């Protein structure tokens, strides 16, 4: 079985994107799963193309995209990507789309088809703070989750995919002040658990992880 | 022009639901818009039926459902309802669905078709903290937003609809401790601005209100 | 019995200070207590002098100073003022003292001698979110609490005094985004309850309001 | 030069106290500073006695007590301990003092005499989120900071002392949900930086680290 895990390049003035830092530390083999990695540009226009190329090259069964969610205290496995782009800041191409769909004729949303609750449960068992999130925002992270599931929907290969939002790393929080953070090693460990859990099972566990609001 | 505004009955042990409190204070006429109101049960099984009956009775052009989002500091106008029910606590029928769709063969999500950004801009101009939200959670609030837009999609009447999540009222925060709150009069004022703005325009303004994550 | 309640003038770029807004709405008579008010400059060098003049003019039995604590969701009745000035931003005289004591030979701290827990309990009974706070920061608010208690310590009149930190008002939160707020009328109501409760009793109630950290 | 660093035993139902976990990982030698460690009971009645014994045994020049501040996202070096005990939960002796002073005839507060701002600056340079805090709460952590500085005030040895509040470790946050955390290794690294910085200098740097409120 093969997995592709992607991070993003830095954006918004940061010199480093912890998603790529964490992805670069992954083992090449997680259990019996061979792991390929790629770095996506933080670009509405280019990220999905780079992702598709990486998929066609790696031929993965599982795809996990990873991006930064500054301010969140936990590893957030996303449930859904929505068909909208609404950028509060410009992306790395200096583009700032407002209320433009990811795919003009696409469905309103795609759900991740990884066993997200089983993954969250396994991360917690391993001592990692993790949660199911119901919004990936409206920036490039949501864009790529939507685009990934859209690729999967139409691709000849059968694949499963999802998106992990990660906290700041301590170095960033030290500069910013007042924000929660997580050690890169713990983030990498979380990613490995998601890959291993997703490889081990196709159905999810039946447990409440929803939010009232 | 006619508007229907709904609140919910109390849930989760609370004696009062501020959404109904606020709705009960609305003027019967907001500008030239006649306002009808209804209270929906906090029930996955029954809320959409009561909403449909209220729609058929009031024959509104605009429907705004209002619900409580305890812990949020602002008036949150929701962008999207997703096709999932994942209840952390039982609803008022003691039902707690997990990962069950709102409508088995429905689309993954529906977007609100109110001019949500124009509404948020007008609320802010009036001195009310307001924001576009990208998740209505997975409890009955999200359920009713999805169900509302599904009704609108298939209904012979042309309608527009949306959902407003509101903070605790001060009386609740006084009991709970540490939570933000908003005066009922300010919540009611926010609702009236949404109704008036939605009546005045069908297209939205072009301004970034997205979130990075 | 007489009370003096003070607010501050605006600082940090704001056009209005909600502490003065709330103070200006107070009744002149709260129960049998005659209420005088004053506005203090947000100035390390001048605020205590203006406060002392207001005290000498009003001859109060109770003094409550009120200031803004942007970001806090509740009415925060302060327990203690510490003998330090450490300014993250300049005051209204463009002074920014760092680690300078309020009074060079003064004690390390002064405790408020209002019945702060009884006041908090009464505010909650009236449906207002309120809490005992253990830090008034290190800006002019802490300065004036320390200076007030220092004046009381050495003044020939027997007085009791304290400090209330209040949230943003909704108009501020609407501009800032993401911050909790409280209606000015609710803030004014909280102040009146503190004055009335402090007038009615000199000893405090025996109830835990501490914090673990 | 010698340093004594203390942690606390678990309290409030937790099985482990990360302060002791972190302290147990410290090097025995930080630069030229010999490091002794001790575990204090989470007890108002007993903690100061155990601390004094550890001081008399270790004969340190620098004393740093470490305790948990669940919910805080950063390493918080405390500025001041206040002369009050106000327990929201019982300590490990099932005692819950309310508004009782640490020392009946003691001063209202003691300031730490470590170079707290230099320590915070060095931790940040090392990529660790850190901040000066102005309240240690009113539970046993504040108690021991006050008691430590009181011991130092009256002890024949010249010592300097302070208190570090630390976040949850990831294992705790994984159980609790929604809380920020920090890896134990990063916490231990922060402690070593505080010890090294305090050994290297007796005066603090002149930089604003105060809070407005």
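First chain written, first letter: the chains are A, B, C and D, and each begins at residue 1.
Simple rule for what comes next: a residue touches a chain if its C-beta (ideal position, glycine included) is under 8 Å from a C-beta of that chain, and two chains touch if they have at least 3 such contacts.
Being a predicted model, the structure only gives us computed values, none of them experimental.
Enquirer: Would you mind pulling out the distance in Å between where the CA atoms of subunit B average out and where those of subunit D do?
Expert: For subunit B versus subunit D, the centre distance works out to 47 Å.
Enquirer: Averaged over CA atoms, how far is the centre of subunit A from the centre of subunit D? Could you give it in whole Å?
Expert: Between these chains, centre-to-centre, one finds 37 Å.
Enquirer: Counting in whole Å, what is the centre-to-centre distance of subunit C and subunit D, each centre being its mean C-alpha position?
Expert: It comes to 29 Å between the two C-alpha centres.
Enquirer: What are the residues of subunit D that contact at least two other chains?
Expert: Where subunit D is concerned, no single residue meets two or more other chains.
Enquirer: When you draw the chains as points and link the ones that touch, which shape shows up: line, ring, star, complete, or other?
Expert: ring
Enquirer: Okay, what are all the chain pairs that touch?
Expert: Result of the pairwise touch check is A-B, A-D, B-C, C-D.
Enquirer: Residues of subunit A touching subunit B in their complex?
Expert: By the definition above, subunit A touches subunit B via 12, 67-72, 79-80, 82-89, 96, 98-99, 107-111, 117, 134-139, 141, 165, 204, 206-213.
Enquirer: List the residues on subunit B that touch subunit C in their complex, please.
Expert: Contacts found on subunit B: 73-74, 123-124, 126-131, 170-171, 173-175, 177-183, 185-186.
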